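Pasting the structures here.
Next, two complexes with subunit A in common: one pairs it with subunit B, the other with subunit C.
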Partner chain A sequence: MKHTVSRDRRIALVFLLPAVVILFVTTIYPMLYALWLSFRSYDLSKPFIPRVFVGVANYVEVLSSPAFLHALLTTFKLMAMTLSVQVVLGVGIALLVTQKLPGMAVVRTLLLIPMMISPVIVGLVWLFLYFPELGYLNYFLSLVGIGPVAWITSTGWALTAIAIADIWQWTPFFMMGTAAALQSLSPEPYEAARIDGNSRFDVFRYITLPQLKPVIISLLFLRAIDAFKIYDIIFVLTKGGPADATEVISLYIYRQSFTFWRMGVGAAASFVSLIIITVFITFFFRSLQRSQAALAR
Partner chain B sequence: MTSNAREKILFYILITVVLILFMTPIYLIVVSSLKPSALMFSRPPTFIFTPTLQHYYDLFTMRPFHLQILNSLIVALGSTAFSLVVGSLAAYAISRIKSRWINDVSFWILSMRMFPPIAVVVPYYIIFKSIGLLDTPLALIIVYSTFNIPLTVWLMKGFFDEVPEALEEAAQVDGHGVIATFWYVTLPLTAPGLAVAAVFCFIFSWNEFLFALMLTGSKAQTVTIAVMSFWSSDAVQWGRIMAGSFVVLIPGVIFVLTCQRWLVKGLTMGSVKG
Partner chain C sequence: MGIWNKSTIALGVAALMSSSVWAQDKPFAGVELKMLGIGDTSVTRVAPLVGEFEALTGIKVQIDQLPYPGLIDKIIVESSSDSPTYQLLWIDSPWVGLLGEAGALEDLTSRAKRDAAEIGLDDIVPIQLQENTWQGKLLAFPASGMTWLQQYRADLLENPDEQANFKKKYGYDLAPAKTWIQYRDIAEFFTRKKGDLAGGKPLENDLYGVSQSYSRVQGAITHDYFPFMRSFGGDYWDPKTGLCAMTGEPHIKAAEYMQSLIPFNPPDYLGLMWDIQSGFMERGEAAEAAYWSVRSVRLTNPEEAVLAKIGKAGFAANPESDAGPQPTYTGTLGFAVNAKSQDKEKDAAWEFIKWATSEKLMRRFADEGKGVSQFRKSILGDAKLQEKYPYYKVLLDSQVNARRRIFHPFYQAVEENFGVELSKYMAGETATAKEALTTACNAVNTQLQMFSVEQRLRWINDAPAEVLKK
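Then we have the complex of A and B:
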């Protein structure tokens, strides 16, 4: 075993050190800088005014500001809207496209495309569909007697409009993950269930779903992290408006930093949201581990 | 049999509905990019028309879109190459080192990907401004590597795990050093992994918007920002926006059509077996 330790050390030095150093310089350093900034008053539009130490004033302002709390709430609201629909639709579509019928491999492939499209392009094409007066979505809805809906110009619909665009892009993610899991399930319990004459719904509810649960939870976990970071689609469709109807955390930080040039407040808001996401992730990981432990029992 | 046939019909109807819902936006991008402006919002929509390449022509004559494509290529290829070298070296170390502390290091590297990008945009902006890297491709190459390196580490670790260590030990018995063994024995066996990681890094860099928006001006502008900027001019040129969008989505679509079986692994960071 003694040669392993020295070999480990050599590998670590040659192979691991570059990545660690580079990631440290490119991520930890900016983060420390942001932390330093969050305790200071710094207006980027007036670079010659000294960056005064203001203690926790920025944090107090962020935490007591209704706009920040509203942004936080909007982020979680959007997350709940998109993730719930994506799971149900994604699992449903996965059940369809894993049927052993001709053409399904092609359908599965086509449905993956939205995920690989830049969110800006997703935002733009939905803007085209939602566009006031001109957009085709209201035209098609009017054919079936619905509307017109003020998709991105009314405070009541804007968040839904964004959710729809996000659901369009990321439902395939749940479809893909669930389909992969479905195809690796063992066929035996299904044969037994068929012999016992169970209904198709019962088979899904009692045999398929429990087996899919760990996969669905990890997919949810990964999407939740991304949903917390959502920025691009909203920037294109509504820029946080109308009023503050779609102002999520990222947009709030953006506005503080680059509209009001209050870098200190923006940095403080970043750290508060970083703490929230860390707590959220830890909580999610714990429940994930617990559910997998329960499954193993 | 009849109930079975009816079921099949219902099934194909459902699939058709799903396909229409998910393919319409992509269809719209392609078709609108070829549609004359006068027909863009015609009621009812025009399905049959003489396609025009005018919007694509405008893209390259009225706008410097070729320069923006070049910027995007420089940034995406630069970050991909850099991340691949640094990331696969680290992945090899994580795959081979047996000591406990390596788990902490690998978790730390992975957690880099969970960080909300907006939180570091401000410091990047100030730092790059002070060292004169604002509005250069190098700034974006550095920033994109912060999420491309963790991705490469994660993907490549899986590939290195599958290379039998006996093979490497044999090479070492023959007198090759650790680095020579890695270079001549291990790396060639994981070439497919390198290809997959490269494609992922490339697409994520090519598609990125937030950092490109904040850290570039007119010189280093990438394609996503360029397409977005067509929108902000007073007369919205939808044809041009759609033509630009089509150019931006090409790499992603090619990727899906050619290496879709790697998507599961890459996008779920290995938590779902493909």
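Then we have the complex of A and C:
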């Protein structure tokens, strides 16, 4: 019996090994290497600079850099703009597409398309729309006597323009998750509410929304992590500009690593942002859980 | 020995003889080279002709054309690899210090000296060779020579009605600007709306007085700011410490001057990079632009610029500031050899550079009307070509007193920091030019201060190109 257990374990280990090796090579080793790098002076473009251990100097530089703090603030601003609209729109569209109407299955599928497109392509699509001189958006606005709007070349509009593109791409994510949740809700409370003569708004507010909350929170959790890392769309549309209007954390890290080639500083900035997003998400969800628990009481 | 055996031996001998002749004629036959290049005139003209070079030498060259933003990043990655993909590299002259100090580029000095007659070394405008040197070594060879010059709508500036109206408004004759104040007056005068008259014709689009680069992307704004700054009498570095010194009065004046041009630029001025900026001139939608001559040739070619069909481009040396005459601000786009290539590849790459930058090919480009911005005295000074390309004379004359562009191992830090900070100032996010320039300079100096003064002074001092020594 004992012999069989140890044999089973060995077989299990053999089956696990490829996954562990792949995980180590693709995730653990690069992460450890980046951590090691974050404590060193390492400039890829200047081999004459000694590549030595510098302690926490890179972390101090990042945390005391106004550009990093600005990028952090811009990231959170963008997250607030996109996530709030995506939740509202996503839930609203989900309520519409779960109605028992003809053709809804097709509509649902069509609405998912933006989410399936690569962010770089999304960036290019919106670049054609936003392009200052030749963009379609300004053309259509000009037909009704508006504009031209400097969508991606004015510091006042650029972040909003990025947010619109991100909302367009990721609202379907909320729509899909919420629609799935809506379809799995138990019909009994609705029947009881109908018998009691409640309005549709009350039904939504007191029955649907509380039941959807755990799903919405999970979706928010996933999107918040993703939104914090936003890079592709911004790189294609504005590259962090105009001025520093759309310079988010990922762009800051990119600039340190691949424009200044200061790999140590770039690695340190990556770890600082990892810690910040972990703390933020933990705090955010603990407070949501607390408010949920309070509501349940 | 049968007849077949004799024939076989005869054929073998003939084959050996012909291959030996082949080897003498084409010592690099079979070598394959790849070039990391830009999708602009200095490469696009030569790229379709690499088949001719292969027929001539047996060397196969493949040119990959990339946009300017990000190209230096790819070159740095390439040069840090021990087994490079690209043997030939396209280089913008400010990168020479950065790549030279890193040992990324092959020293071409001895090859250039050896082949001086063949490449017509004396025929090259000296500053264009100097642009490609680092610490006296020739690290790239000019493929396109540039100056920052004044381009304008000659058809508008020479229009009698416009001239009369201009004189009435400003009190002096309308002509290519001699001072930056005049340049701004002309920009203001020609800033007009769609439907207004310009040169007696109603405008189909808005006409902007001027188009300059204000985008931060790849430091595009610095490519205009630095020439302005030098024209206002400023310099990059403190000659005593080797640290960034771009916070003085000329530097501030130059930034403020650039800001004062904003009302006469296209409304999306913060997005103006080189190609977008020059596009306004090419479409005839800007009255003037102080811009690099690298694209001047397009303005005279109706296949590439609407302006050549609807109007006429004029060219002049750049105006002066209150600091008086300053040396012309130059630049060079060159071809270099990756130092990590194998020896035979390096020699084959040099053969390609000699061919691609030869007087014969450059003249052919000029004759065909699709030239690059030239760097050879014989071509720039050719009376017939000067008539065809009015900017040739401006290029030749203005380079008599010229000073090279920025060259420094920390060029990218300078370009990026000043790009962002100046762009913020132009967008009105930073209150004063002084504040923007100080922030940018401090960021550069934070990195430079880790090096000794001797080291920093060595970097900012321009050692003359050894190939120019007689």
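In this section, the second predicted complex is superposed on the first by the 264 of 297 C-alpha atoms of A that agree within 3 Å, B and C clash if a C-alpha of one lies under 4 Å from a C-alpha of the other, contacts with A are read in each partner's own complex, and residues count from 1 in each chain.
What we mean here is this: contacts are C-beta pairs under 8 Å (C-beta built on N, C-alpha and C of every residue); 3 or more make two chains touch, one makes a residue touch a chain.
Keep in mind it's a predicted model, so treat the numbers as computed, not measured.
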| item | value |
| --- | --- |
| Overlay on subunit A: subunit C relative to subunit B, clash or fit | fit |
| Partner chain(s) touched by A:F258 [first = subunit B, second = subunit C, both, neither] | both |
| Touched partner set for A:L182, first subunit B, second subunit C, both or neither | neither |
| Angular separation of subunit B and subunit C about subunit A, which is computed from CA centres of the superposed model and rounded to the nearest 10 ° | 80 |
| Touching partner for A:L72 - first (subunit B), second (subunit C), both, neither | neither |
| Touched partner set for A:V85, first subunit B, second subunit C, both or neither | neither |
| Winner by number of subunit A residues touched, once subunit B and subunit C are compared | B |
| First, second, both or neither for A:I207, with subunit B first and subunit C second | neither |
| Contacts of A:L44 with subunit B and subunit C, given as first, second, both or neither | both |
| Subunit B versus subunit C as contact partner of A:G241, first or second or both or neither | second |
| First (subunit B), second (subunit C), both or neither touched by A:S218 | first |
| Overlay on chain A, subunit C to subunit B nearest C-alpha distance, Å | 5 |
| Contacts on subunit A seen with subunit B and repeated with subunit C across the two complexes | 44, 258 |
| Complex contact set, residues of subunit B against subunit A | 8, 11, 14-15, 18-19, 21-23, 25-26, 28-29, 32, 41, 43-45, 86-87, 89-90, 92-94, 96-99, 105, 109, 112, 114-127, 142-143, 145-146, 149-150, 153, 178-179, 182, 203, 206-210, 213-214, 224, 227-228, 231, 238, 241-242, 245, 248-249, 252-253, 255-257, 260, 263-264, 267-269, 271-274 |
| Partner subunit B, residues of subunit A touching it in the complex | 4-5, 7-8, 10-12, 14-16, 18-20, 22-23, 26-27, 29-31, 33-34, 37, 44, 93, 96-97, 99, 101, 107-122, 124-129, 134-136, 139, 168, 171-173, 176-177, 180-181, 184, 215, 218-219, 221-222, 225, 228-229, 231-232, 235-236, 249-250, 253-254, 257-258, 263, 266-267, 270-271, 273-274, 277, 281 |
| Subunit A partner contacts - residues on subunit C that touch it in the complex | 69, 73, 76-77, 80, 98, 101-103, 215-217, 266-271, 409, 412-413, 416, 420, 423-424, 426-429, 450 |
| Residue ranges of subunit A touching subunit C (in the complex, touch as defined) | 44-49, 67, 132-133, 148, 150, 152-155, 239-245, 255, 258-261 |
